[in-house]
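Before anything else, here's the structure in question.
Think of it as A, B, C, D and E in the order they're written, each chain with its own count starting at 1.
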Amino acid sequence: MDIASLIGVILALGLIFSSIALGSAPFAAFIDIPSFLVVVGGAVAAALICFPFGSMLRSPIVILKVFLNKSEDRLALIKQIVDLAETARRDGLLALESKVAGIENPLVRTGIQMAVDGSTPDVVEEVLRTEVEAICARHREGKGIMDQMGRFAPAYGMIGTLMGLIMMLQDMSDPSGIGAGMAIALITTLYGAIIANVFFSPFAEKLGLMSRKEMISLEIAIRGVMAIQSGESPRAISQKLRTFLPPKQRNAE
Amino acid sequence: MDIASLIGVILALGLIFSSIALGSAPFAAFIDIPSFLVVVGGAVAAALICFPFGSMLRSPIVILKVFLNKSEDRLALIKQIVDLAETARRDGLLALESKVAGIENPLVRTGIQMAVDGSTPDVVEEVLRTEVEAICARHREGKGIMDQMGRFAPAYGMIGTLMGLIMMLQDMSDPSGIGAGMAIALITTLYGAIIANVFFSPFAEKLGLMSRKEMISLEIAIRGVMAIQSGESPRAISQKLRTFLPPKQRNAE
Amino acid sequence: MDIASLIGVILALGLIFSSIALGSAPFAAFIDIPSFLVVVGGAVAAALICFPFGSMLRSPIVILKVFLNKSEDRLALIKQIVDLAETARRDGLLALESKVAGIENPLVRTGIQMAVDGSTPDVVEEVLRTEVEAICARHREGKGIMDQMGRFAPAYGMIGTLMGLIMMLQDMSDPSGIGAGMAIALITTLYGAIIANVFFSPFAEKLGLMSRKEMISLEIAIRGVMAIQSGESPRAISQKLRTFLPPKQRNAE
Amino acid sequence: MDIASLIGVILALGLIFSSIALGSAPFAAFIDIPSFLVVVGGAVAAALICFPFGSMLRSPIVILKVFLNKSEDRLALIKQIVDLAETARRDGLLALESKVAGIENPLVRTGIQMAVDGSTPDVVEEVLRTEVEAICARHREGKGIMDQMGRFAPAYGMIGTLMGLIMMLQDMSDPSGIGAGMAIALITTLYGAIIANVFFSPFAEKLGLMSRKEMISLEIAIRGVMAIQSGESPRAISQKLRTFLPPKQRNAE
Amino acid sequence: MDIASLIGVILALGLIFSSIALGSAPFAAFIDIPSFLVVVGGAVAAALICFPFGSMLRSPIVILKVFLNKSEDRLALIKQIVDLAETARRDGLLALESKVAGIENPLVRTGIQMAVDGSTPDVVEEVLRTEVEAICARHREGKGIMDQMGRFAPAYGMIGTLMGLIMMLQDMSDPSGIGAGMAIALITTLYGAIIANVFFSPFAEKLGLMSRKEMISLEIAIRGVMAIQSGESPRAISQKLRTFLPPKQRNAE
């Protein structure tokens, strides 16, 4: 599990809170519930307009994925593929039937099942690539929600600030109130900037990176299945797939 | 029907109105008809310059589509294609002639009609792909109008604010009027930000998403027609097309 | 002729002028010739640096094209191509020689002339595609000039405003002059925003759209010529090319 | 030689200087050497971080190219290629050996030399395309330096203004000095905007356009060499290459 | 070693420090440790959210690479490849086995080793291209960290300034403190701008350029290995690969 994202969020919030604590103003000066509702609610509302309900409901899970992203064990995946290739080499493709249920990687499982069922390599590859395309589209939608939240949070922050300024300008009779009014107006912009730059924009970036990495694992799975079906030697398959590993891992047992 | 967009618009406007209601300024302070005309009228005018009249007249329908977007029933589409494939397998391609009129999906209907009429697969595919390209161009234009409205609304908001500031600066003799003048100047910027971030920018985003999803259904239709024409078995067609469904739906009856 | 662009410009200017007329400040407060020269002259100067003289001289014609864009009559083009195909079918390709001079569409004329002269289909297609690429490059340059004008006008507006502010700040001895000085400083920003958002940015957008539409007509012409040369039946050609028409027009006589 | 760029720079600077001359403030109010150093020096420094020393040293030559860009004589290039093709047709490819030294265009020279030396067409094309790719990379780097200067100049202008504002705010005891302090602070932003919008951004745009045009000449050269080597008739080569000329030039002697 | 980057950083910082030294305010006015922590810490925190821990730990090495980027000796690489080609020509591919250990370039080493081991050219090329893709992904991640730091530093600068303004506005009782409060608020924006424009943005640009150049060397290596394996003559290989050199170096011994 990579906890860099968690450390990052804690560090960013820690810096912001401690610099408020070090400042002269009381902590309460930075808290304004209606402002918070306009910014967070506005960003959520805008995202609801952009994305279907189902995708929005799944977005907390997407955020959880940012924090819990377990690093992919490509080596184990390659080992399992090579293992399957050895069985196929020794006992024929049909011998893999009994092993299908035990394959963890869904793409490999689907591919091997199809190969055992007698689908031609072309069909197997087409089905697997369509599947990868669908996974990629789901990732893009998850990242898209974060991107839009990171874009709409500052926009609603600005809307809140403009409303605050207009209210303040309506009533300039009491000069001592101007400063406080302006401070409250600025709080929505601050909230928008924090929400975008501590949460959603970095989350979107991370999801993009995670997706690109998962795509490589999926590519390994597809190439592995295709190689097994075409009867390549386990040693050749291992060599080919290990190219996807970083150099250090490549010669691991 | 996916009502997320409707909920989103209501939520966004609700937040804005209630935060005005909670504020100290009267509601009237946020209403200025000329400002509204400059921002909305300006955005519409700029879009009129960009797009042909016909497309502009169709844009309310495009907006309606955002709210009424019925989720595509890909499973039903696949079932119908498989059904047609079974008839073709059993009774020959020509037997589909009697069924053409009953096909709902226009792309499948055109394709099957052409196949029955004896067009070669190459020609059928070319015609269907040109059709999809034309649909895609119409979607792009609809999304383009929303994108431009979402871009010009804040621009005309800024133009209005600059005009308001220049007016205010002309007459600084009465200091008490400065605040009110500035408030009115800022209202166009507020309107521009609200119009862009509650309506047009999220609409454009949604239309892009809807278009990408419809493209997948169109791809299913094209691949289905091609598979029927090339005489693939209904079972193989079903397997291939179901790859486009989310995993849960894939094994549905 | 599509007059949407003309209506758009009139509407946008009308809104701006009437909101000035409704305001408290005299009309003269919004007129400052030197400011106008800095913004328009600056944008023209910057575009002159970017583009060759000849292209700049042609740009008024490009702007005229935005207003006079006559909708392409694709149906007539297809009919003429089908007509040529019928002659070629009946009397042979060489029979088209007498008709070449009467072909309006320059691309079709060039292509048929080459076919009659005995060029191979490969050469004909290469020549026509190079021609289309050249047309596309000319369109891109025309759109590019509008894009750059729409980008440099606000930039020179900001330069003017900064110069105005620096002048004003030099002489703060007379407080009553500050407002007027600032108003004049802001006028260049206003001019820049109006010039970009009423004229050049929407013009660039429109030119892009017009170019994409013309590209489709050019594609029809190329495919038509290729089909005639390869001796396809007029009926097949008609069917193939009509796919490029919107569904309603497709079955027109 | 196209002097549009020179006229553009003179026009832009003329407008700026004359609008200062027309203003109330003395010319000296717009001159501040340290501000100028921060903006220009900062932009140069940032570009030095981005690009290797050699590329930076060549950038004055790149700027000179913007002003001196002689229009490419594509017609002459085509004529020379057709001339070579005639010799090759009449006396064989080897007869070109004596003419190689007299070929001005380096790409044509390299290609013909290789053809004479007996390289296969595949190798010749690969070598010429790699060469074009390298030229394109050099152009991209030259344009990149201008782009970055046009991006960093305003950034360092803003850095200078922020430093100026902080200095001014330190010492608000003398209200009469505030205006002057602020004026000086704004000068760096003005310098940054002028440097970016009069010089580097338009230069980058122009270089991009020039590069795209040169690419077409290089394409003519490659296609000409390939056609000569494959023994096409001079007339066919002339017809094919003239497609790259604007219609008016196409039938020139 | 190209020290342009080092000179650039020193020049940029020198300009900033000397323009502070020339100014009226004491140097201390520009130092505020909490502000520095918010900006740098915030940018690091945001990058931590975006990127895995391992990549973040490697980023100082990436920055070092910007300063120490030794120019690639493509000529030496080509000479070694030609040398290997000569051995292969003379004594057969297997004769390269003894030389593998002495090959510096890891891509050439891997490729030759595979060729000697009897892998087919297709497999060798696939493995080498996958390797290059992995190197490219690592470069993209390194550049990505710099890009994000250069984007988040100004964002956290703005967050700091907003917090400072809100604090200042809370306490407007003492007018003399307003200037100082505002100065401190602006310092975070200044820090953000400096950190982005002196360090991370130019670093990202440089890394992109370095990566593009390294890609060319890797392409030389791949093409060289493929040419050796397919038994091309050393002279032809030399000619082909030297096309990747700048013209001046091409005829070097």
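We adopt the following convention: a residue touches a chain if its C-beta (ideal position, glycine included) is under 8 Å from a C-beta of that chain, and two chains touch if they have at least 3 such contacts.
Just so it is clear, the model here is predicted, and its values are computed rather than measured.
Trainee: What chains touch chain C and also chain E?
Mentor: D
Trainee: Determine the centre-to-centre distance between chain B and chain D, using the mean Cα coordinates as centres, and give it in whole Å.
Mentor: That gives a centre separation of 41 Å.
Trainee: Averaging only over C-alpha atoms, locate the centres of chain B and chain C and give their separation in whole Å.
Mentor: 25
Trainee: Where does chain C touch two or more other chains at once, residue-wise?
Mentor: none
Trainee: State the ordered list of ring chains, commencing at chain C and continuing via chain D.
Mentor: C, D, E, A, B
Trainee: Which residues of chain B touch chain A in the complex?
Mentor: These residues of chain B touch chain A: 2-5, 7-9, 11-12, 15-16, 19-20, 22-26, 29-30, 66, 71, 176, 178-180, 182-183, 186-187, 189-190, 193-194, 196-198, 201-203, 205-206, 209, 212, 236, 239-240, 243-244, 246-247.
Trainee: Note which residues of chain C are touching chain D in the complex, please.
Mentor: Per the stated touch rule, the residues are 34, 37-38, 41-42, 44-53, 56, 119, 123, 126-127, 130-131, 134, 137, 141, 144, 148, 152, 155-156, 158-160, 162-167, 169-172.
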